[in-house]
Amino acid sequence: MAKFMELVKRDLALAFRQGMDSLMVVAFFIIAVVLFPFGVGPEVNTLAKIAGGTIWVAALLSSMLSLERLFQTDYDDGSLELLALAPIPLEVTVLAKVVAHWLTTGLPLIITAPLLAVLMQLPMDGFGTLILALALGTPTLSLIGAVGAALILGSRRGGVLLSLLVLPLYIPILIFGVSAVDAAIFDEAVRPHMLFLGALFVGALALTPWAAAAGLRQALE
Amino acid sequence: MHRFANPTRFLKIAGYVQPWMAAVTLALFATGLYMAFFTAPPDYQQGESVRIMYVHVPAAWMGMFCYAAMAIASAVALIWKHPLADVAAKATAPVGAAFTFLALATGSLWGKPMWGTWWVWDARLTSMLILLFLYIGYMALQGAFDDRARGAKASAVLALVGAVNLPIIKFSVDWWNTLHQPASVIKMDGPSIHPDMLWPLLIMAVGFKTYYMWVLLVRIRQEITANKVRILRLKQVHGG
Amino acid sequence: MTKPSSNQFWGEDLTCVRGERIVFQSLNFELTPGGALILIGPNGSGKSSLLRMMAGLLQPAGGKMLWAEEAGEPEDASQDMDLHGGRLHYVGHHDAVKPVLTAAENIGFWARIRGGGEDTIHESLDVFDIKHLYDVPGRFMSAGQKRRVNLARIIAAPAPLWLLDEPTTALDKATIKRLEDAIQRHRDGGGMVVLSTHSDVDTPGSKTLNLADFASKAPLDEHVMV
């Protein structure tokens, strides 16, 4: 556990000192959402209707943007080899990196989301659920994304390829995340949607570190 | 040592089986299509357009079947490192993608007279669309490495991840679909399907399967030959 | 130094395949406590591959590697990578020095995840005469300084087996001497060293393995790798 925290701390230190990553993700998140009123018109009812979906789609894309670097820098400078050789299971190392990734991208997204919900005229009833759903869903995004980030190491076209691999796998999270917000607005039961988000998280937590570690091992061969 | 598995035996067997597969496929297609066009009755609601079903449904089945086959071959390749499994998975992907695309295209053609629009976000079609994305991702990853072995391993892991995800995606798309007023989905796999419709459907389905086997054999043989060429090139470079 | 250990590490009938090419085959090696193995051979003969294989980063296409503790049964070293990884230090072509972390932070991190403490950082910096880099971030370091930080890393947390791939790259004569001394101290404590090199590293009593002797002779026509 101490070693796990050591790994998380290192990635956080790198993220903060390397600077702008978190800020750029948040900035992208805001800009992506702000585009929609220009696309569909500023009419309040139209915006309110698409608010939940827009914010979720933008969150998905922003979370994915920073994924490419999750293992890439460590792969390029040789740190990944040493991490794989450290007496810590590679699955645990992956998990630590995912935690750090979520803290530097997922968490800022959740904090920014209410602001965007205001801009998008999301009815007040949906705010709490939106934040809760994002809190349950964004860790799963980071977990699934870690598998994609591991698989593209050393490939010829990283970023675009990563989105091609990861986005289809994000669809269930998008569906349940948005339907939870919609249910809250229309005063329906939110619980089932949240339970599915939770189940996706638990499932991803159990399986993705294993798959990502397998991906890393073959990348290092 | 599987890495040095000798494909000569496989090539020999494949050489025998392949023409038979081709013959069976053509016979099944001829029979199935004849029945679909001439002996099967038109639907009392959909009229003649229901005949698209005899291509659409088997294609959709094959789209899913090929993904399963690809995932199993990938698992075999990863666990037992059998080289033919790698080649089989690689050879299956474009075929499966083509079937999936065929299912989408015929679904769209079918949808026009039925719904009056080329595309409806029907649960089944949507799932097929996502399946197509998974195929595209798989093929893109496979081709993205200079080292073929890396591409094969990375895409094998992806195929397994995708296989675990497919039921979840299918379920969530169904869920999503019921939330947004379901479109009038065509019921095509109800238990009460008329035998006159069932027979051509099954014959076409088996025909699609043997077609897949045929193409698979052709593609595997082609791949092995390409490997031989590449190894001769390597020998030139390294003098091995 | 820790008490002299008496581990043994050896490989039998190893085969390496890279990019559909047999790099070497039927290779045996053996390391006893205090032993050193120098890998030589032309470019592409598989020096780096063998070191990566010994580290467990690369799975042998054939053959096996075994590790035996003092009196214990030999065990397959490629089975449990986490366990095996803890026994060794690997220095590859990259220095794994993060530009935004100081030398002390870089070394400290690698030491701590191997259960080392803060106290060894100063000592390890001293070994390669880079005390002045203690709080200098990696981005200000020259290639030689980064390499020295990377080498200091393996002093900071002890491990019985050192795998050094061209460790003298970018090092000046004085530092190579320091490296030779460090290797000698490591071996005196029962440690083992495998290193590949183009230049001369003075390691008295070491064995030499010429990778060119194990190049594949069999033509590939018979058994085409699919």
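Think of it as A, B and C in the order they're written, each chain with its own count starting at 1.
As a convention for this text, a contact is a pair of C-beta atoms (placed from the backbone, for glycine too) under 8 Å apart; a residue touches a chain by one contact, two chains touch by 3 or more.
In this text, all values refer to a predicted model and were calculated from it rather than measured experimentally.
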item: Touching both chain A and chain B (chains); value: C
item: By mean Cα position, the chain sitting nearest the middle; value: A
item: A-C or B-C, whichever has more C-beta pairs in contact; value: A-C
item: Chain of greatest Cα-centre distance to chain B; value: C
item: Whole-Å gap separating chain A and chain B, where each centre is the average of the chain's CA atoms; value: 31
item: Whole-Å gap between the CA centroids of chain A and chain C; value: 37
item: Cα-centroid distance, chain B relative to chain C, in whole angstrom; value: 47
item: Chain C residues counted as touching two or more neighbouring chains; value: none
item: Two or more partner chains touched - positions in chain A; value: 221
item: Residues of chain B touching chain A in the complex; value: 78, 130, 133-134, 136-137, 140-141, 144-146, 150, 153-155, 157-158, 160-162, 164-165, 168-169, 171-173, 175-176, 179
item: Chain C contact footprint on chain A (complex, rising order); value: 3, 6-7, 10, 13-14, 17-18, 76-79, 81-82, 84-90, 217, 220-221
item: Residue ranges of chain B touching chain C (in the complex, touch as defined); value: 1, 3-7, 83-84, 86-87, 147-149, 223-224, 227-228, 230-231, 234-235, 238, 240
item: Interfacial residue positions of chain C with respect to chain A in the complex; value: 55-59, 81-83, 85-86, 88, 90, 92-98, 100-101, 105, 109-110, 112-115
item: Residue numbers on chain A that touch chain B, as the complex places them; value: 147, 151-152, 154-157, 161, 164-165, 167-169, 171-172, 175-176, 179, 182, 196, 200, 203, 207-208, 211, 214-215, 218-219, 221
